[in-house]
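Below you'll find the structure I mean.
To keep things simple, chains are lettered A, B, C, D and E as they appear, and every chain counts its residues starting from 1.
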Amino acid sequence: MNAILFSAIWGVLMMFCGAFVKSKAVPRYIALTGIVLLFAMNAMELNSGLPLFNIDPAEMLRTNSFNLSFLAIVFGATLFYFLLSGSEVEKVGEHVAEYFALMFFVLCGISLMATFNTLLILFIGVEIMSIPLYILTGSDKRNLKSNEASLKYFLMGCFSTGIMLMGITFIYGGNPNGSFYINNIPMGTGDMPVMIATGLIFLLVSMAFKVSAAPFHFWTPDVYDGAPTVFTSFMSTIVKAAGFFAFLRLFEQVFGVMHAQWQMLIVVITAATLLIGNLTAVFQQSVKRMLAYSSIAQAGFMLLALFALNDKAKEGILLYSAAYSLSTIGIFAVLLKMEDYTVDGFNGLAKKQPILALVATIFLLSLTGIPLTAGFQAKFYMLMAAVENGQQFWLVIFAVLMAAVSAYYYFRVIQAMYFKEPGTSSLVNSAGNSGFQALLVVLAILILVLGVYPEFLIGWMYHL
Amino acid sequence: MDIKAYIALSLVLFSIGMVGILMRRNAIIIFMCVELMLNAVNLLLVAFSKMHAVGEAAKALPTVASDAQIFVFFIMVVAAAEVSVGLAIIVMLYRNTHSIDVNFLNRLKN
Amino acid sequence: MNNVLDIVWLIPLLPLIGFLVNGMGRKVLPKSVSGFFGSLVVLAAFLLSCLVFIQVKNGQTHTAHLFDFIRIDSLKIGFEFTIDQLSSLFLLIITGIGFLIHVYSTAYMHDEPAPDFAKYFAYLNLFVFSMLLLVMGGNLVVMFIGWEGVGLCSYLLIGYWFKKNDYTNAAKKAFVMNRIGDLGFLLAIFWLIAKTGHVDYQTIFSQATLDKLSQADITGITLLLFLGATGKSAQIPLYTWLPDAMAGPTPVSALIHAATMVTAGIYMVARSHALFSLAEFTQTIIAITGLATALLAASIAIRQNDIKKVLAYSTVSQLGFMFLALGTGNYVAAVFHVLTHAFFKALMFLGSGSVIHAMGGEQDIRKMGGLHKHMKVTSITFFIGCLAIAGIPGFSGFFSKDEILAGTYAHAPWMFALALFAALMTAFYMFRLYILTFTGTFRGSEEQEQHLHESPSAMTIPLVVLAVLSVVGGYIGIPAALGGNHWLAAFLKPATGEVAHHLDHGTEYALMGISTLLVLASIGFAWFKFKSYQAEDEPTGFAKILVYKWYVDEFYDAAIVKPIRSVSGIFDRLIEKKGIDGFVNGIGRAVNYGGRQLRWLQSGQVGAYILLMVIGMLLLFIIQFYL
Amino acid sequence: MNITTLLFIILSVVAAFAGIMMITSKNPVHSILWLIVVFFAISGHYIMLNAQFLAIVNIIVYAGAIMVLFLFVVMLMNLNADTEPVKNYRLRLIGVISGGSLLLVLLAALMDIDKQQLVQMNVGDAGLIKELGKNLFTNYVLPFEISSVLFLSAMIGAVIIGKKQ
Amino acid sequence: MLGTYITFPELLIWLPLLLGIISFFTSTGKAAKNLALAGSFLVLAVSVTTLFYTDIQAHHKYNNVNYYWLKYIGNSFNIGIDSTGRLLSFLTALAFPLIFLGTYRHDMKNAPAYFGLMLLAQAGLMGVFLAKDALVFYFFWELALIPVYFLCSQWGGEKRIPVTFKFFVYTFVGSLLMLIGILYVYQHTAARVFEDGTSSAHSFALAHFMNAQLTATEQNCLFWLFFVAFAIKMPIFPFHTWQPDTYDQSPTPVTMVLSGIMVKMGLFGVIRWLIPIFPEAADKFDSIIIFFSITGILYASAIAWMQDNLKKLVAYSSIAHIGLMCAALFTGREMGVQGMMIQMFTHGVNIIGLWLVVDMIERKTGVRQISQLGGLASRAPFLTIMLVVVALANIALPLTNAFPGEFLMFAGLFQFNTWYAVTAGIGIILSAVYTLNMIQKIFYGETNTVTSTVGDISWNEKLTLAVIVLIIFITGVYPQPLIDLTRDALPMIVTK
């Protein structure tokens, strides 16, 4: 609850800041302060289990160590994001403070999505998260790609909102208690009522849209590609993870009992996502677009959590969120320093900027899922969960085969950095900034630490 | 009226909206189709709320009907916010390209 | 040191030391030192062997267990030596003749530069070491170690002049063909291990073990062992390497490819007589193979013009005789012939070396002639060798060959007839060789004639020694029919068992008489045919087949080598590159292709995206409700 | 057939017809007007379902405010029938077919439900402002407050995107 | 101190790891080189010491260590030195000094990174051979791969990038499949209770894995999941196609690591994990696997005969040898398995020697096409002798180290099935053919323009080769210590 309150307040603060502060750098520092504060507030709540203010008389929110630790990951990742890419926000346009304000609103939406206890809050959370994103995507006004991405995102987002509402409606209609509270939707062990099933599929589609699972992923590459890169980084990591978290919570708590009856749907979606994400990423020349497809591919892996829907899956989704977000934020931070976003633009980076190349390699290895990186532990937990589930063993094998395919496109960047001669493309000046590089190193070390000892993160989950 | 009739009506309207999205290229009309879909949802929600209000659920939960109507209210709220953002985006695009035909939006592909 | 048998390990160790010293010091040692040292260690080994022989003759046999080579629960292989009548006899042959040839080599190889000279002696020492391991080995594995070792040395020495491609080809061929045989040997060992769990002679040849083996086992094992023997001892089908092996220096041919290594097969069969005696089928195979080899090689030798090639085919032929003896169960005769053959064939090879030395490297007998007047010692000793191999009574070859023939007659008279025919051919081609080389007029160039000279004493003394041995060597095995008591048979009896056949003396006399008369006739024929030899035309018809050695090499090439090569080529180009690797790369290409095709889904059109979403949704509903 | 059914049928037919007209009209202004007709029909349904408050809000907010906004934008852009050439017929057909199939699948599935509860006229007071207001400002105070964030971000959006460079 | 604060397995892993990391920060190539050389000798010294601490009971505390690690999922950092692991860790410790010494004069660009990665690879390999916990095993399994991937791609030949990537993906697929297998077995293990009272539902410990409750069908499927990973690593036919190209394109020191040690990972995996966990399945599928292995022997030998590229020839010959080892391993007979175990060591030594020589030839002449070479014997006699010895050891001539192993392997194979042994035996002949072909074409004959100016090798190369040859002969004449070292592992694998 602290998180919701403070992110909303800080968003408003940033808004005012936009009105009264003319400097471009100041909003960033305020935003940094805000995110640190937000992290601290959330940590306090995670530590004690009690919020500062109770703003929730009707128990529309549910806070426990699971969703609070997820929020901690989100805020931690955002902190790193602000630190690494905050300065890039200033380059997008004039309304720096407003951009940060929108991001705080997104965080507010994420907090709602992470802690929702009724479908209404879920809906409002999703919208609070989405609407600022439409704006952020289109924030580079003069760039036609940005405009286009924004409109596409908006239209499809609205469409998925309609789908989601239809789903909620049917759940409501099919719920004999007539309640929107997710713990008040009784699910027998018998066959799923047809209204519930209809609602479930609508909800599944809309959530799949949010996490860009095939075949509802089509917006992802275009939007990620068109949006200003710095916001792509935010969208493809923190927002994506939040979508998954909400997805998992919704389906676990509402439909978990009837898991077996809708598992096949998840299997189909997962397989399609893995296939399309990985195969299409193979062909991309632009690293930015490749990362967009890779986010689809990673989504395929995360969907295994929904497939498995057990304790390991919950632990895994935490780990995956952390690992994937941190790695992707890192690689985007490096990408933002490149003038040429194609793979060839990375040629010979190791010779020009060895530290940059090294950390980028660690991020990419983590995304591939090589042991000792957080990405491995994340994938490992997902696989463990899926194997524990015991159904559809072929899906697990398919997933790892696709993980091997993913090595192809991640390693192309590594190959470009290390094994090819430097090209003509140059780096942005601030790439050599030692503070920036130190931060990247810290991030890389964090990824390695998570890779070696992920249990401290999972420990949070069982904290309360 | 049988609840099925409302379900059918709502689905028909929902589908009309969906087909409209698929058929049209004008961004504004597509957006309007989305609004139509939302209205179909609203209608169904209200119908269900009535259904619950006269059924068993109301005995356990007196607010069962107003809950759904408040939900509809929130949907309208959200729709209003969406409209303002959406129209702003469309206007921005129109300013840059002098077109709101979504088929021209294909700089981003593959 | 109470008993020389306790230090038998010194016998192989000495040549090994020689090998190491010469091998490591080949850059620093002067030629005289390396030659001297190389010979000295073999001499020392010879002397020790003599002492050992005396001990054995006094009835002592010995098994020296040095250390465990391989010891696991189901198999124990010791590094052990067995000294008995058979091995002690072979020790004498190896170290004795080995020593003579070392001495001979110091002169023969004198033109080589010092490092190569030392290398040569190192190889020779290594060969002696390996050969000693082979015969002294107390179990089949140690024998196999020596067995492969001599093959290796043979390879190294044939390819001694490594710059010539033909030579190295010959070396390679020798090694590979030996390996084919070795595989048989190995499989036989594995078979024995699988059935009995042991490899040492004492156990596997004991009655208890033999009882455990079925007849099929015994036949299989002996056939495989015999396959090994055909490789090493140049029998059909694996004989073709031996004539090519003449590429090596001539003393090597004398030592390895006449006197010692090639007899390893005979040694092995004799050593395993306990098994072979039980395998009648194998015995027949051996006899027929030996006989066929004897005939085939003798027929080829008739039309060969390279002095060493003639001797090589002769060796193959004589080895065939030995196997004939083994096949007829006449182990003593085989060993006896090994002994005498070692004397006279080494003698003739060394003699031919002396001739080649004098001729400045020329080996074609058509370009020789009348050498007798230039090199009398060589000529006379060579003549003695010819008499011995032809089986003229009184010379060593007579006794051993006669014993084989007699045994064959007892076994099967038709075999005797064929064997006798081979013996006649032997006499014929040997005298053809002698006549063309040493009598008549010189047919070489002027320059060569000027250069003709008798070889130095380091070469002639071994010739003389061997000539003497060729004469007297036969007297250790005078058959009873000639009033002797056959000392050798009595000596070997504990090791090789009783001689299988008993002919009455009358028959034996008749056989001896017939063969002697026919041999003399054959020699006479050769004399008339070649006494005034002139260069002749390209042979035609059957003669041509003989000149081209029955086209066996060509046959092998076409039937075995070429098919394997083309199959390998298919593996390499087709299956590997296009098939397996193509499949693996194909997966990569399929992924790429799939990526490119899926890319078209991402058309950039919002309408299309939503359409696909709707279709996806539709599918989910259908799956949920109707599947 | 009682009056309820009759009203229902009339309103439904109007709504569906207006919807179809909306998506098929060439002129965007016509589409907007047809959509307003749909909204009115739906408001009629709300009244039948005793959701008086929503009926009013629907007319005021949707038909009034939102659609006027739409109209405004359309006028601003001076769009007319010519601006949208006919879309590829095949794609249209596929669109109609897939949308139609989805409808059919859903109808086929949902018409099986055995719930036979009827919607009755003049029953219940849940749709009255009093009930809704009480509920909204007690139980739903959190979402109510938090929706302000939604509007704030919409406002910022208008600032960021709508403002001319 | 030893046994209380630190143990041998820790030393063997952390030492190279630490040195490798330090190496990245060295300033000059020479410093890195010397550090790596000295460090690897240090590791060797530790490893040699372990050879004297072999008593399972008395030396347990020196050889085993067990930290808490990922307790929620029943994993602990459990490493220990025993039997096969001891031999292979010794091989790993032995190989690196030899490689560093033999290639001491090479000038590697960016040497600190090169030596750092090499040492990291060593640490990874050590970990694989010492791990007693499935997850730890998998970790090291992958960790050994990554540095090698970078080494190959960075310092390799022209086509290095696609070739090593293929290698990477190939092995990556295999190991991922194995990971699935590990997870599946893990689901069927008993609960694990740690000393501090915490417990987990399942366990990754080797001991628990061996007692996992698996039905016959599960065993059969899992067996293949594991086996594919190992088979790719070995590699055996038909999973081998990554190997020749990779060996060809890698820098030779890395090729030595790959062929000398990394391929043993696959065999070791079978010994330590596959057969003990799935004994019934191993028993069931042994014929199929042996069939493929033997096919591989003949197939690879035949292709080796066709090769003109020296490195590819050696690569294919290695495939043939590994095929034999794999076949022997699956016989389940004491002789075959024991032979295979000592062969793992000897093959490692021999192939490293062979690569050293190949590398020297390539560096001196600049070509690796056999047909362009010739007459080197007269120019570089020492090199010639060394190559001949190593090559002959490679074809298992008696009294060289490969003979006892091959002898036992064939004996085991013969016990298993006569015809398999006979067929595999043809490989002996073929190996002689291509090896002698190679020797003949490289060393014999007259010199040509490529080889006429070549000199003999330098002292460090001589020293390295001499050490290798010495090992070849010592272990060839007296292989018993190797047998004794690995005997403990037999009861797990010898099923018949």
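Keep this in mind: a contact is a pair of C-beta atoms (placed from the backbone, for glycine too) under 8 Å apart; a residue touches a chain by one contact, two chains touch by 3 or more.
Everything numeric in this text was worked out from a predicted model, so none of it was measured.
J.: Shared touching chains for chain B and chain D?
T.: A, C
J.: Measuring between Cα centroids, which chain is at the maximum distance from chain D?
T.: Measuring from the centre of chain D, the most distant chain centre belongs to C.
J.: Centre of all protein Cα atoms: which chain's centre is nearest to it?
T.: Central by C-alpha mean position: chain E.
J.: Can you check how far apart chain A and chain E are, centre to centre, with Cα atoms defining each centre and the answer in Å?
T.: The mean C-alpha positions of chain A and chain E differ by 42 Å.
J.: Could you please state the distance in Å, as a whole number, between where the Cα atoms of chain B are centred and where those of chain E are centred?
T.: For chain B versus chain E, the centre distance works out to 65 Å.
J.: Report the inter-chain centroid distance for chain C and chain D in whole angstrom, where each centroid is the mean of the CA atoms.
T.: So the centre of chain C lies 102 Å away from the centre of chain D.
J.: List the centre-to-centre spacing of chain A and chain C in whole Å, with centres computed as mean CA coordinates.
T.: 78
J.: Two or more other chains touching the same residue: where does that happen in chain E?
T.: none
J.: So which bits of chain D are touching at least two other chains?
T.: 87, 91, 94-95, 98-99, 102, 106, 109-110, 113, 139-140, 143, 147, 150, 153-154, 157, 161
J.: Using the touch rule from the top of the page, what residues of chain A touch 2 or more other chains?
T.: 120, 124, 127, 131, 134-135, 138, 141-142, 150-152, 155, 159, 194, 197-198, 221-222, 283, 408
J.: Just spell out which pairs of chains touch, all of them.
T.: Those chain pairs satisfying the definition are A-B, A-C, A-D, A-E, B-C, B-D, C-D, C-E.
J.: Quick one: which bits of chain E touch chain C in the complex? Just the residue numbers, please.
T.: So the residues of chain E touching chain C come out as 166, 170, 238, 240-242, 299, 302-303, 305-307, 333-335, 338, 375, 377-378, 381, 392, 397-399, 403-404, 407-408, 410-411, 414-415, 418, 421-422, 425-426, 428-429, 432-433, 436-437, 440, 443-446, 477-480, 483, 487.
J.: What part of chain D is in contact with chain C in the complex they form?
T.: By the definition above, chain D touches chain C via 87, 91, 94-95, 98-99, 101-102, 105-106, 108-109.
J.: Hey, which residues of chain D end up touching chain A in the complex?
T.: By the definition above, chain D touches chain A via 106, 109-110, 112-113, 138-143, 145-147, 149-150, 152-154, 156-157, 159-161, 165.
J.: Which residues of chain A touch chain C in their complex?
T.: Residues in contact with chain C: 151-152, 155-156, 159, 163, 194, 197-198, 201-202, 204-205, 209, 214-216, 218-219, 221-222, 262, 264-265, 268-269, 275-276, 279-283, 405, 408.
J.: Touching chain B in the complex: which residues of chain C?
T.: Within the complex, chain C contacts chain B at residues 599-600, 602-607, 610-611, 614.
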